[in-house]
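Heads up, the next two complexes both have chain A, just with different partners, chain B and then chain C.
Now for the complex of A and B:
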């Protein structure tokens, strides 16, 4: 691609508790690059290094070896501007609703902008924009009690708290975990909207290959601290051997197409939606009959 | 730069599974031996005796197959405190024999300035203090590094059970201790995650200096409130989980693995108690 990547990671290694009997290598030479405005999903088993990788994006973990370049900041260089990286990349942890602490929603979302020492009016404006961009009305929610919200609302408030920092990249660690199917679908829609309307680059960890396939531009499959496959969901599903080898389950629709193909029907396997699958099956069976 | 992994570097309470002799001893004899060792460490007032204790502990650490550097790692956070303590003991050392504030043996004073002085007994006491702290740390780490939490708590329960006849709730105390210890790493991890999450929202922990007390306390609010909320939730979940499995308390409760002390366990504990007693009563030259 022609544009410069907003995230560029080269040969990144990271070991937890280095130098103790409990040391554990989490990343073994990760290479990854993300274009501005892309929606990227990191998939893989627990322990494959997804969360560790995510924490390198805003300098919570510093590269032990290799290069991490985020929004023009070289985090592998000594004296790198970590604070600037924290502003450029907003990181939302798993179960982010656990980090809410202010009594009211408005104050909690304002925590980030206040840390930036912005003037009151600017803080207020950012809180308004952030709450509205996660689909919660400013006037309806700013004075609500943080701990009286539903789980889904709390998660949105937590995401708004990060958006209020106005990052260029939004990184989320398993944002769909613990939500019901409706909540998952609407959160995915929200991520797509944030990209489309505000031009955010979105990187997130997920296990739900089924649901995310329609939203993401690029999938990176991680295993044992390495990126073992990258590509659009269609590319990955066209040759799903690597996904299956990693013990990940293929989404329903591509899995069905794989089985049809194995049964001797010449269908395409890089199909994402039920409609597409129906059309493809129709097309193939028609040609078979004729 | 704030190092969020620092919480995981605490070696006290950590368990390193292994197959060594120290690992396989009965946890009760290990606890009794540790108590005997600590008694000796705190009471022996001679360098020779303390060095014997230190050598014995280092030998045990080696026998357990634990890297000595790792076992001593727990001292790192306390290093500043130890140095400060030793320095104060050296500089302010006085023997308060009678009303005289002067050192007992004038010849032992090497340097004096106002209330500060440098004397041989002072240096000796500081040296002993450092040795004692290091040994204490090694003794406790050795116990927890080689004993899993469950066997530790079962041993405590078993050791306290004679008091049960006097109405002492041995099982409950052991359970409360187990739960408390069990959740130290969990809460440390939780705290690490919360600190990272708030740092992602621009909270600064450590890399911008603020000396104001109010500011520093206020900085803790975004950490403590979520930590309390999740701890309470965890506690409630645990109560439900225990009740769902019909937990009713310690009365008549049996366990899957029974502790059985062998001759070796008795011999090991007996030897340590004997040696510790010997070190306590024998007067050494220095």
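Now for the complex of A and C:
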């Protein structure tokens, strides 16, 4: 892609509790660039720096060293417009439903836009669009109590609250955590729809390589505060050594293909779905079966 | 086989739920024998965790009965004994650890039993050895990885010498390595003879059990070996559940390769099936 990146990070370092005995280097020279409209996943073992990196995208953490340019704003420059960066990048924390606090769904989603002092009609319109974009009907949900919702619905309401601020980038910290398989699949579909229909750029943290592979354009593998591999899921699965070294596990299907290859089946290993795997296994075995 | 847990016509409504809300558990009959490894799966809200909490009297039936080794959970006099026999491990390891070192944490339960000090020490050591955490006994729990923390939580339960371990989504918040860690530990404990009941969202984890129970709307919808249960693909889909990817691959290959087994559940089984296929076809090819 040749367009200008919407996120461009160069040689970013970050140390927690700097200058104290508890100091801990979380990021060690991260380079990362994200194109507009891209769906990007940051994957890595616990403590690899994924969440720290994510929190730099909207100035929640400010760069201690290195460059962070987000939606044209240079956060590393003194006097950078952090507010503008926060409008451009909506950050959804882990378990965002814990932060719902208004009694009704509509009020919760309206909280941000109201703080912008927008006219009432504009607030209402933003809430309507935000709720519809996360698949919750405005009329059906706006007066519902936030506490009577399912876990998946609560998470969608929390995401709607961020969307109501009309960000260009949606950054989510482990958005699948704690949801059941149906809820996880439908949340991933939602992320893809937000990109396809509204052109949002999506950056999210996940452990679930197996589930996200079909949705993301680019995986960035983090380890000990560095990006150690980047590429499409296929590229990463083709030579997965780095993923395995980093304490991640390949999804079941590409893992099977690796094992078959090691056992002498001449199969490709960069497959994502069971359908592709069946095709590939059939292609390489039919000569002897038939 | 002796029943560790026996449940008859269990119905349960959360006291705070509106009276017209559906029952959380609606007529469960179930027997779990000593030494079984049972996975309980189901959609969110299907009643899995509610059922798990009935297994050691954390919740009591609205109607019906639950017996643990013959003791009715309704009877207060059995409650301590029941909780020693059936230990629970919860989803979030952070919220289960209480002490400043690993060994103090594991000692917490036995200390509350008022056991002599040398007995406590022996139990703690034994429990930590069984989960592979003995070398980290002096560490503060917050320095451990999520999988290690969950193993310490399991050790804390083991120190009570339970005969049955109930894991309520005990791996769902762990990263992939932590999950493997805990699953290996659970496998070893099952080999030692401990009865395992694992509530899980993961079909891969469910396929490691000997028996899978599927809950839907507070009732048992399916109950059988993983192979029997996962063959019911349409019914599982209708309940919002997936089947293991290897089973799906198995079925796709069966359409192309006559006689290929359509029920392989794990990657090991799949590799074995494909290798025997190669062997099967290699022999006539060599003969011709």
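Criterion: the second predicted complex is superposed on the first by the 286 of 290 C-alpha atoms of A that agree within 3 Å, B and C clash if a C-alpha of one lies under 4 Å from a C-alpha of the other, contacts with A are read in each partner's own complex, and residues count from 1 in each chain.
Following the convention adopted for this analysis, contacts are C-beta pairs under 8 Å (C-beta built on N, C-alpha and C of every residue); 3 or more make two chains touch, one makes a residue touch a chain.
Just so you know, these numbers come straight off a predicted model, no measurement behind them.
Q: After the overlay on chain A, what do you see for chain B versus chain C, clash or fit?
A: fit
Q: For A:78, decide between first (touching chain B), second (touching chain C), both and neither.
A: Touch partners of A:78: none, neither chain B nor chain C.
Q: Is A:100 touching the first partner chain B, the second partner chain C, both, or neither of them?
A: A:100: touches chain B, not chain C.
Q: So, A:147: does it touch chain B (first), chain C (second), both, or neither?
A: First partner only, chain B.
Q: Counting only touches as set out at the top, which of chain B and chain C does A:285 meet: first, second, both, neither?
A: A:285: touches chain C, not chain B.
Q: Could you look at A:111 and tell me whether it touches chain B, chain C, both or neither (first, second, both, neither)?
A: First partner only.
Q: Can you give the closest approach of chain B to chain C, taken over C-alpha atoms and in whole Å, for the superposition?
A: Across the overlay, chain B reaches chain C at a minimum of 5 Å between C-alpha atoms.
Q: Provide the residue numbers of chain C that touch chain A in the complex, in ascending order.
A: 43-45, 91, 145-146, 172-173, 175-178, 180, 201, 203-204, 240-242, 244-246, 248-249, 252-253, 256-257, 267, 270-271, 274-275, 277-278, 281-282, 285
Q: What does chain A use to touch chain C in their complex?
A: Residue positions touching the partner: 45-47, 150-152, 177-183, 207, 209-210, 247-249, 251-253, 255-256, 259-260, 263, 265, 274-275, 277-278, 281-282, 285-286, 288-289.
Q: For the complex, give me every residue of chain B touching chain A.
A: Of all residues in chain B, those touching chain A are 1, 4-5, 8-9, 14, 16, 66-67, 70, 73, 193-194, 196-204, 207, 221-222, 225-226, 229-230.
Q: Quick check: in the complex, which residue numbers of chain A touch chain B?
A: Where chain A meets chain B, its residues are 16-17, 20-22, 55, 58, 60-62, 82-83, 86-87, 90-93, 96, 98-101, 111-112, 115-116, 147, 161-162, 165.
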